[in-house]
């Protein structure tokens, strides 16, 4: 067998001109030279889809009108020419159908979060992924940061002792006014229950905080008590929420997320404390991990400072030497690169270090949907304690 | 009438050698040259009390064996020589009796927080303060910081709009191990329900966070849901707690406090967001107040930078020019200085700007005790929502 | 004429496996999907060059043994297939010859800094660029940051008043020991006067600080006084230097650079103060620009916070929304993207906003070489004042 | 012999109503309850002196018209009642005469910096201090900070290796405009060569940076090259200066100070790098000392975190537990407290740990005056290298 030695070929669903996250996915996929965009169904508006394809220098014949058309057509193209996987960057309510169709037709999938519109859909996708055995990636970007990976390894090593306390937060201020009444496309669908799902802020960013907390600690939230609010008058979904957490090992925590924290940009932060030490990470200073100890000075771990015995999981997801700041796109690109490298390894029947090259997948997606269900249920019942679905 | 023009004379109850907070009170009282320590009943151990008095250069005859003896004796001394007020720095369970006795005998009181051992005691003190009309100060230190006073004024001005969201936190790590089993006197009484009261961490530091949030916002917590934990095995009181808050104006919030956040020193922080802007303050950078806006760059307010239109409340509580960092003792001293200046003004029948020279008093103390009752009740009932006593 | 609508095709000289900066150039060129690598002469070792090409998924026939061979061969390929420009990422002493050859054969050039081995070479290149009229880019990365561009615009606007004072610094610690005695390839050539040029630290990173200062202020250093040191015994070039600066408008400043600031990663920083205000930027917090004023609070400008009236120059060089941190690779990519967009515009006879899409070019390179000459001359004469060449 | 057990009695020269630094001295002297103000000659204006004394609750008979009168009169009062030492807080040109007179009459002295108006005066005082054997303190405040003391100990321990590189800076912005033309008393005398001495900014704050660098490193500046400027038109003394430094062990450095760094408050900072590690301290975050290492993560040392093996020199100069921020007044108070404790120990013939209870004295004052002479000489000769007087 000849080894496959080429860039992985990506087809994109959604993400036409003017979309936010589609462009981010493309930048992230470009970065490492491991992926090339070969086709797309960028918009339900054929003209817009065409123009988007032109801007991306695609052959016009591989810019499709619908995702079905794309999947059907690409399937007919010979391997090595056709797309190797699909990237889905549509709003939440249009995640499930194309993902299902791609999997059913043999295409691996990368998809934006939250995984689906509903918990039920997410369970169905999980089943399908298991059945097909196809590779599946979910872009929970924040776990792509090297220092987050280092934090995970640090806790796994036991150096911080048994974990007792977690503070996960994600505050933004951009929805402080009723932006959805204007022409802000992002605000529009994210506050619309028919497109976003049953949660607003909690689905959009609360799930990131939940994912970050569970990824880093290796623990699961067992039950929670949530108080959600739509502060902006007339808003149809929560734009703010505070949640008490209890973890499966007995640890306690708080998770809070807001899109009306006026003036705040995009502040996702995590603090975890164990019996022997603690760690603190903030998106505003993403290349730094503060590690605190009971009996010695706090330490400043930094992305790529390799003489400090950083883990492989962290170093492999770092591109440039210490002191050359990595950013959001690099974290995003880690997911794409790790997905592409794993895909190529599979094609070649090779193994790959699954921990160092890890990326979020359908299981994390199901967790996120269960989290959304739980916070909404808790809130609707008067902010009582509810168990989170396994 | 001749105006009183002298330092206010202080008698101290508790705070003998080896105590932590007693020494802090004395430093704070010294700073501005407005107060002089003239007598004390520093310890139940007469030898220790005597030695403490010597270290403080007091006349031996004014170092007393008990607070009753001190109050009874000082009462007999002529005005201008006798103590003008009492400072009480004993553990919580020994707050009420000396405070009551002092008030009943006509002495104004400064007292450490929390106000009393129980909510009931606090209500009785409130009644007594009202009846006697005597001046009463409570050392909730953190509201003594100039930037906290500026934050209060900023919200009061309406510039941030209606308040929606509050995050009040206070994390420490010093009780991560069972320190109370050793000879750490502070850890000993603070974790002992017969001396500390019904709450541990929540009484000791949670009340500071509650006081800070209510002082700055001018709002009241209406109801809350608390999840308290004693993480250290065998500990008799909570060492960690997470609380959901609902305020009287509809604002929501979280308050969390921990003494097992391993490696954290003393991190009290406050974030408040309104419809038009937000503010962020952290004890680690106490001379800075970050103010965020919906439509212009975030601003850095700094202690004493007078050309930026800081309020009187802030400037009057600042001693040195901008860029000369104020610290914890200065905040503490603001309470003592404002108390002493108010006391002298009263003696002279003069008025004083009560807002600029403000200090916490018995009402704030009652609030703190009601908060403790509420979090404990919520927790005992399974972390349900409970209303906080008026 | 049909408009060119395709990615710009890049050929690379140097940057084979194991090189640091070559890989960075490729990541930066990849990011925006505006450039595709089509050929390369990666190493003088043919086997290594071949393997490098394979890793980059290049056709073997377009992996060349020498830069001459590459340029000669590519010239014969039809436009649209052949490379559109050359990227030169070899050590300093191998900059001039390939750059000259590329220009003489009609290929635009992107080249790493410092521009050349000597000032004389740089002047010759300048002449050649002017004669050929070809596009020429120089990767002084740090001026690619959005907040640096904002800083430039702020000063240009006059809001800070006449500039009085500049502090430009660049400290690293990686050469604190004699790394060049081991197998550290980077340390080896950078400390070798036959490959690096007449300056070590000052050429490698001092020029970055000089470029940053001149770019942001729009001023020129007129004369300087430099004290250079090789602290590590046996090192052949300076690893540390402190320089007094006088600018052409009367402003004064200091520039210091060190590669023996033990434990420091890569700390380039700039502070500029004018009659009315000042600005402060640090690579460690690259998405923040602190702006200070004489009569109002300091402001925090942040990458991409578009409601704060950021300039086009800044916003056009920002890819993701506010709060999604940009990093080093994005700044680097701005140079490549702006170069590629300008190149395509030229091909199509279109105009482009030269300020918003700016990138450093041969003039900045000549300035850097003149700076190196001046600091070395000053130091050799006993750290006296010398004028810098125009 | 009966041991002296009382507060040390202080007389003050200068520092009447409206003065800045006099008030600071009094607050600092008050803090620890080791010193009591008993008399003063606060102003040449008798009425103002009288009013100042009243505000400080002094007996009218001990408020004097001139320093001579004060010293002459106090000398006649019995020991234990009369002042024990003199604090001199007048402008620079009025330092020498009262200091001399005090010493000649047997009174120990605390004095503000710079020591005197001229280098010659400082040498004369040095001689007098040696001859009389009297205690002499100089308020170079910044060396009073616990983390600065820790930095000194760290370097002394050899853990950072031989020192190579020093960056000492002190920037302010308050003199950005011609403040001395208005009624700003501070600006007035500080920019007047007949009262301030031959240097402006360099004398006022440059000497602090010099003192800080020499104290922490234990090194001496051997020679320097200075470029001084008066940026504000018509100003009579320098308001800005940049200086290259060479130390007696071969280390190099830069020192810069400015009072026209628009918008900067009071930013004194120190960075020192040795063969094995480095340290960084900033006045804005005074309770933190960052320590960098060649081969392990950077560490965050913090005031009072005693489990991290802080030195006695640091812990003894810390009043409150870790996490309770010390400020400027506490650093200032350390000088007064250590002076008073040393004075009392002397009176009692007791020994005291001179390192832990250290304070700057006349030798540091002479160094500062030599530094001023050297920077001015260098600048006047065209910014050439000059040796600094021993």
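So that you can tell them apart, the chains are marked A, B, C and D in the order they are listed, and the count of residues begins at 1 in each.
Keep in mind that, in the parts below, a residue touches a chain if its C-beta (ideal position, glycine included) is under 8 Å from a C-beta of that chain, and two chains touch if they have at least 3 such contacts.
Computed from a prediction, not measured in an experiment: that's the story for all the values here.
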- Message: Centre to centre, using CA atoms, which chain is the farthest one from chain D?
- Response: A
- Query: Count the touching C-beta pairs: is A-B or B-C ahead?
  - Reply: A-B
- Query: In whole angstrom, what separates the CA-based centres of chain B and chain C?
  - Reply: 55
- Take the average of all CA coordinates in chain B, do the same for chain D, and state the distance between these two points in whole angstrom. 34
- Task: List the centre-to-centre spacing of chain A and chain B in whole Å, with centres computed as mean CA coordinates.
- Result: 44
- Item | Two or more partner chains touched - positions in chain C | 264, 291, 294, 298, 302, 305
- Show which residues of chain B lie in contact with chain C when the two form their complex. 290-291, 294-302, 305, 307-308
- Message: Looking at the complex, which residues from chain D come into contact with chain B?
- Response: 5-7, 20, 23-24, 26-27, 30-33, 37, 54, 56-57, 172, 264-267, 283-286, 302, 305, 319-330
- Message: Considering only the defined contacts, which chain C positions touch chain D in the complex?
- Response: 160-161, 164-165, 167, 169, 173, 176-177, 225, 227, 229, 231, 240, 242, 244-246, 252-254, 256, 258, 260-264, 271, 273-278, 291-294, 298, 382-385
